[in-house]
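Next come two complexes, and both contain chain A; in the first it sits with chain B, in the second with chain C.
So, the complex of A and B:
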């Protein structure tokens, strides 16, 4: 990858991290609140179904994680497994698409 | 000692990130089951009531808190001008992780 490409990935990793810092804080607070008394579908869907604010929040969360996780794994694959070939970036790009697709499906699943 | 703590924060940040990346597809799949109806989602949630699965969920939430703490430390070190209080960021990340782990354990 070109130095410019590497710089863009670095910026994308830090920018997505800043977004995720807020999303994860909200998510952790929601988890600790929601698990009290056990989880059930009615309770989860009662909170999220038809709620545009939660859909917007989870959409941003999913897209940020689809950017952040593959770039993070890129460093791991490079430094711990020595995988530097172009195939690594193609696999990670596919992983980003899978995360975005499955994540948006989940966000819509609890909204619709 | 300082170098050692920085190394362990790095290792925890990395290992928790790998665990979270591996867990995400499963998490998204489970929530996506809601598209097939409330009963289907309840079926998945009933499966997660098993003690070992509960333990796994608790561990992944701790991993999430640890990754958040470690990530905030990285952002503070990279983007804020160096100040003496930043030496305490590794301990702050550990405290955040412990607090979330304890709060979740008390809520389960």
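So, the complex of A and C:
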């Protein structure tokens, strides 16, 4: 990969980390607030179904994870396993797609 | 005191020596005593003995140090010292490492000054209080001893990584207003083998005998690469 490409990956990871810092905080605060007084499936679905703002928030969350995690794993694979070949980046691109797909599937599952 | 000294190349073992203690004795004094009085075959490297040349660095009780300025009193434990070659460098023999890979990386990081003026032009005037000059002052006193390189975890994990000293050198040139190699240098230090590989463990900053902070320079390189990437210069 070119220096520019590697620099862009680094920027994407730092930017996604900043997004995740906000998303994780909001996510945890919401959980703590929502579980007070008990929690059941109907109550959750009542909040999430058809809630566009909720879907937008979790879509951003999922996409930030799909960007952030594979770039971090890229360094881990290089440093721990010495895996530097192009095959590593192809596998991680596939991993990013799987993360995005699984995350969006879960978000859409309680939205629709 | 009991002194264990590495003998051999990559394959070898620690040999034990009894060395008399003296006031203000340095680790280099200990090694010199062993070579002159106990084992003349011991290979080690030094030149200035006063912390200027950067040639006597060794691993002392597991920690990379400049041995000429390290007092025995500071490092001795239970009247014992273990002295080995620097880590992350190939051992030539005993305490002598092959520094060529270390300095080759300075060249790979574009560590050469690239003048922006000819000798026919006037001197560049760089105000001592300018931000760039202050950044250079904070990082320029590197003696090339290799202590930071031996202390760096990322160098151990990624043999391609340029390492703290080469990146610190690139940083000082990047902040040098007379230098004309900015983009070429940023391209050389960006990416997996350059500044972006640094985990900010700060072992280099912790161990640098000159109290420099290569970590700060590497963070500065990350900022400069970021700006150049966003401007589409890289």
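Going forward, the second predicted complex is superposed on the first by the 106 of 112 C-alpha atoms of A that agree within 3 Å, B and C clash if a C-alpha of one lies under 4 Å from a C-alpha of the other, contacts with A are read in each partner's own complex, and residues count from 1 in each chain.
Just so it is clear, a residue touches a chain if its C-beta (ideal position, glycine included) is under 8 Å from a C-beta of that chain, and two chains touch if they have at least 3 such contacts.
Because the structure is predicted, anything quoted here is derived from the model rather than measured.
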With everything superposed onto chain A, say whether chain B and chain C fit together or clash. fit
Is A:81 touching anything from chain B or chain C once the two structures are fitted on A? First, second, both or neither. neither
I'd like to know which partner A:25 touches here: chain B for first, chain C for second, both or neither. first
Is A:53 touching the first partner chain B, the second partner chain C, both, or neither of them? neither
Three-chain overlay: angle at chain A's Cα centre between chain B and chain C, nearest 10 degrees, stands at 70
For the three-chain arrangement built by superposition, which of chain B and chain C touches the greater number of chain A residues? B
With both complexes superposed on chain A, which partner does A:73 reach: first (chain B), second (chain C), both or neither? first
Would you sort A:8 into first (chain B), second (chain C), both or neither based on which partner it touches? second
Minimum C-alpha separation between chain B and chain C after superposing on chain A, in Å: 6
Hey, which residues of chain A end up touching chain C in the complex? 1-8, 10-11, 75, 78-80, 84
So in the complex, which bits of chain C are touching chain A? 154, 157-158, 186-188, 190-192, 194, 196-197, 222, 225-226, 228-230, 234
Interface residues, chain B side, partner chain A - complex: 14, 17-18, 20-21, 24-25, 27-35, 38-39, 41-42, 45, 48-49, 61, 64-65, 67-68, 71-72, 74-75, 78-79, 100, 103-104, 107-108
So in the complex, the part of chain A that touches chain B is made up of which residues? 14, 17-18, 20-21, 24-25, 27-28, 31-33, 35-36, 38-42, 44-45, 62, 65, 69, 72-73, 76, 95, 98-99, 102-103, 105-110, 112
